[in-house]
Amino acid sequence: MAGSSLGIIYQLTTWGESHGTALGVVVDGCPAGLHLEERDIQTYLNRRKPGQTKIATPRKEADEVKILSGLFDGKTTGTPISMLVQNTSHHSADYSEIANYYRPGHADYTFDQKYGFRDYRGGGRSSGRETIGRVAAGAIAAKALSEFGIHLCAYTKSIGPITISMDHFDQKAILETPTAMPDREASLLAEKYLADCMKEYDSAGGVVECVIDGVPAGLGDPVFEKLDANLAKALMSIGAVKAVEIGDGVEVSLHHGSANNDPFRVQDGKIIKSSNHAGGILGGISDGSRIVLRAHIKPTPSIFSSQKTVNQNGEEIEISIKGRHDPVIVPRAVVVVESMAAIVILDALLVNASCKMENLKKLYLP
Amino acid sequence: MAGSSLGIIYQLTTWGESHGTALGVVVDGCPAGLHLEERDIQTYLNRRKPGQTKIATPRKEADEVKILSGLFDGKTTGTPISMLVQNTSHHSADYSEIANYYRPGHADYTFDQKYGFRDYRGGGRSSGRETIGRVAAGAIAAKALSEFGIHLCAYTKSIGPITISMDHFDQKAILETPTAMPDREASLLAEKYLADCMKEYDSAGGVVECVIDGVPAGLGDPVFEKLDANLAKALMSIGAVKAVEIGDGVEVSLHHGSANNDPFRVQDGKIIKSSNHAGGILGGISDGSRIVLRAHIKPTPSIFSSQKTVNQNGEEIEISIKGRHDPVIVPRAVVVVESMAAIVILDALLVNASCKMENLKKLYLP
Amino acid sequence: MAGSSLGIIYQLTTWGESHGTALGVVVDGCPAGLHLEERDIQTYLNRRKPGQTKIATPRKEADEVKILSGLFDGKTTGTPISMLVQNTSHHSADYSEIANYYRPGHADYTFDQKYGFRDYRGGGRSSGRETIGRVAAGAIAAKALSEFGIHLCAYTKSIGPITISMDHFDQKAILETPTAMPDREASLLAEKYLADCMKEYDSAGGVVECVIDGVPAGLGDPVFEKLDANLAKALMSIGAVKAVEIGDGVEVSLHHGSANNDPFRVQDGKIIKSSNHAGGILGGISDGSRIVLRAHIKPTPSIFSSQKTVNQNGEEIEISIKGRHDPVIVPRAVVVVESMAAIVILDALLVNASCKMENLKKLYLP
Amino acid sequence: MAGSSLGIIYQLTTWGESHGTALGVVVDGCPAGLHLEERDIQTYLNRRKPGQTKIATPRKEADEVKILSGLFDGKTTGTPISMLVQNTSHHSADYSEIANYYRPGHADYTFDQKYGFRDYRGGGRSSGRETIGRVAAGAIAAKALSEFGIHLCAYTKSIGPITISMDHFDQKAILETPTAMPDREASLLAEKYLADCMKEYDSAGGVVECVIDGVPAGLGDPVFEKLDANLAKALMSIGAVKAVEIGDGVEVSLHHGSANNDPFRVQDGKIIKSSNHAGGILGGISDGSRIVLRAHIKPTPSIFSSQKTVNQNGEEIEISIKGRHDPVIVPRAVVVVESMAAIVILDALLVNASCKMENLKKLYLP
């Protein structure tokens, strides 16, 4: 099944495996006339690049993007934008032994069950490297959104038990700490926590939060293309995400309606909400408030300590995974979450353009 | 935007408003040759019908379904199945006053912002009655799945702070308690909790859990049509759902990889997992274990206590909502969650039929 | 497979069989704020209604449409518009004998091969009555298009060898002649030709032409959602259509480039074409000229003269079809062609709204 | 709008411009386990390569394809297959002057109207080079189909007034004549006709026919995903195609039902048709007979003789196009038509796998 495309008007199609020649994405439906250059994409890709900190895999990947189509005179033409990143750092030897057994927590077994065999080199298509295409597409979406005053900011909210304090929120820290936490104190604690994990040959999970400001009220299409439904799908489609929350998320079930409802009020002649338990979405449609999302990410399944599993001959064995793996993928997932959110918001913005006769008359009548 | 359809091969399109003539759904792509009768649908619809318990709205709705097409000789023909439920209990007067202001926690404001105006009668399209179409489509999906040994079971896991104990799990209780809890003790506590809510003119939320047994390994299509991604979308598209979890969900971020990974082992010559933190899905593909989902549902936004809001003239006002409203929608949402899950699983099963040459050769070569 | 939906933003989903309870359509994605009433639909449906002339089947069908959702205060709300027509004239007895054999030129055999069995009553889903849903959806599309100065006009161009003369073109005649020809003289000749056919227990085919004026340049999306590609699909999806032409169509292969190219020129400060061999579409995008389409329709396969065929037991038999059948379906197909064209043009107009940053800035920036 | 994708299960997404860095395609949804190598693709691409005969543009393009993903151990893995062809022969100078005016018969004007500007180098996205992606995807589809005994054969049926005789049909000649005609005599006449065209600085059109054998009865999904409807769309989406016919096509309107209906009969215990006016498709579903399609292709719009047009300043001018252009594109379009047909047939085959419970039981029950 063609499962590698997402979006209705702004549509991305990702391709590529961890150890193939290259990975890439085709972005189709990007509106014409957006100023764009490779640097816009590269900035985003650099945020997910491995080998940059002590708590990330020491694999070095240049991850240099090339735009192959869809641009002319520095602007998008409205035609498909094809982007490609060459794979350069293949240590296929590292993976040769995983050809024959199923790594716990990985997709080895399910790919075999589905397709009859699998590209086992580095996880093949189920590798985290697949997110390169998402981030490249997300970079374009974010650039387009910024022209409408819409800005996204994702960050690590927690790693294991270490959670940021919103009182210490420092946006610059997101790009400067190895944890992508916007709280330098919490980041130091998290680094220590991760160092302990690594000593135990173990790994950790965490939570990525993404806030989106400037989204106009009205985006999202009931009843199945609701903004929250598409955000949930987009985030849950990222490998390792096991839960998605909007606004107060899992807390809502504990609150009463009187506490959970956000009253409307008027400020400077504009209707706003006094609180934002809803996380900026009501009835699946943006309400003009900040949109708030969280993705819960499981601990890296590749751990160096010993694990029980089964090989392809159906024999129970004990393994310990080798290679170069992140003890936590949360910091590198931050830009992936931000990208997926940008893609969904832009698509909703484009789709919404024709939702009412009033809009169409502005565009088509003199 | 055409947002009222979901699914690739098994596709439903719902229509209708709370106080319109009727509500319904067209199910297209149902495989031919499935035995089906109206009773199969009605059984499901009865589970979401209002007016049945003290903790549900006293509105009476017959919610009798008619199948208008797609059946012949008691079997599905492979053509669209159109199903319709007449609206019978309109107390439009109850809603006349909400024409002019925005109910907190509802979609009144966002519909107005999106479309320029709204059908304010009973919430119009954003009413919970829209889920009638989902449940009708889910009933068919569940029937089809049962022919492949796939069975779904959803239930209330918690209401407010009252959570079921898995030790007391009693499947029959789901249909027999007013809370749809599979734990009669917890149900009594929850009823008491809700009675207190109602005394305070307030409302409560809760969590619906859904487990699915018998799903073969291999369903779900990387990287955007992953089974968990589509389940997340389907559940988040239900009004009032604010978070979706798969398997251990929000807990995963607190665990180490060594604890979160599910080891594979062999039992009776079959590869299985020793634990199921993953909730039956690895890399977006079913792994043959039980699939486990949770939807977190906010407290009913329609409460009788006083609330601050704004009217359509932009004036701040104080309101108290009248009418007939559920103090908690969780028990009635149980069958909606089960239906959405059934729809997604069936679609994945159908789509998966052509995923490998081996399957196609079984079907097309002599 | 869910094959009964068409369109990206403006999407219709038709359902129903010839002899079921009812037939209908759900139109989703219609922009909010369009004034609409049942009469707008009924006017279109009346143009395809049987039993109105000597050259149409004497079956009487009221074909009265009911709008069940999606309207409020006389305007579309942006939510799905469900429309339904009850089946009233079932002479199922007429069809009982066709249960067991395959009518030549019909879909009996192919439905059986595909689905394993079929609803044989009146052709079931493959009946021409299925077009009721298309026409209802087309009526709405045409109404929306008229607000942008876009007008469609379809008519019978030929029946058998009788072709209209454009010199005699009389638009009123389309609705007044039994042939739907805009040339009263040709219509009389065609009626005589059809009377002869009927005497021979035979049937005839013909050509429907559709012209569309006022379409702005720019609609259609390369390279697969081209306007001509979608028009071709929409027309070819009508039962009995075996060829589709745009502009000069099949003639182009005989011309030289110098004759086939349409020179551009300037008139009143506007760029126009001096000729229109292209039929209003260049590179799959509307060029601002009149769009010209033709659908070639086969003779009605239900004929009363004797035919050879095979029954479901695989025995060769001779049959002669009974019942009430049109000797030519072309006149009743005219409004179906017009409807399908309207649906495609409206969808292209909606989709085009977000094709460039310039448009989006008009809508979303202050 | 994302218009560069086609197909439901077997989906291609093409990208690239005539004078960009490269062109390519992502094929998603190809069933896993198909043996495939670059040579399978290259063979097809070579059939559309320019510079090979006197009647084709003397532009030399290597058009060497690289497969970048989706293969492992010589087999498709079920994941996206990304293919890329570098552009090598840019004579952008040839095109510099067309930056400022609208070539008649080309998409220059409509791209400008739609997107606000255009990549004018060699037609950009509207260039015939875009079909490279289609042919690469078609080569894979044809290879997959051949495993089910389904074989496609497209050829030039006519060039200008020169039409092949089916009595002279010689399949080998398709690849050996410069016209791609399966009739060596007609080919010589066509070459002479084209030589005369070129002397007059003019161009010619023609007809491509495609026959498909071995298609099982049952493919195609009523009522909008009919096999003929999708074939019509696929063929009409090829630049320069202005009409599409199935079976007897435009002839049907002249025949009586008694002549046009194909009687069923029994041969070797199998139900077949005695004739094939329908072209292998009844009610939008394949009937097991040979499928017959024709695409009518307009004369190359790039002609060297003088033409009137308008420049971007709205001034009327006279131009004569320079550069390297085919006097007829029909011979090179043959493999494009064959490819598009293969893509549609394969997709229908895959989609059809889940059309009935019987099929699903074969796959999912023990």
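The letters A, B, C and D name the chains in turn, as written, and every chain counts its residues from 1.
Criterion: contacts are C-beta pairs under 8 Å (C-beta built on N, C-alpha and C of every residue); 3 or more make two chains touch, one makes a residue touch a chain.
Worth saying up front: this structure is predicted, and the values here are computed from it rather than measured.
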Given chain A and chain D, the chains that contact each of them: B, C
Selected interface, B-D versus B-C, where C-beta contact pairs are more numerous: B-C
CA centroid of chain B to CA centroid of chain D, Å: 44
Intercentroid distance (Cα basis), chain D paired with chain C, Å: 26
Length of the line joining the C-alpha centres of chain B and chain C, rounded to whole Å: 38
Touching two or more other chains - residues of chain B: 1-5, 8-9, 14, 32-33, 78-79, 114-116, 125, 216, 222, 351, 354-356, 358
Touching residues on chain B, where the partner in the complex is chain D: 8-9, 31-34, 78-79, 144, 147-148, 216, 222, 349-351, 353-365
Complex contacts: residues of chain D adjacent to chain C: 1-6, 8, 14, 102, 104-107, 109-111, 113-116, 125-126, 130, 158-161, 197, 200, 202-207, 216-226, 228-237, 239, 242-250, 252-258, 260-266, 269, 271, 274, 278-279, 282-288, 296-303, 305, 307-310, 314-316, 351-352, 354-356, 358
Residue ranges of chain C in contact with chain B within the complex: 1-5, 7-11, 13-17, 20-24, 26, 28-29, 32-33, 66, 68-70, 72-73, 75, 77-82, 84, 114-119, 121, 124-125
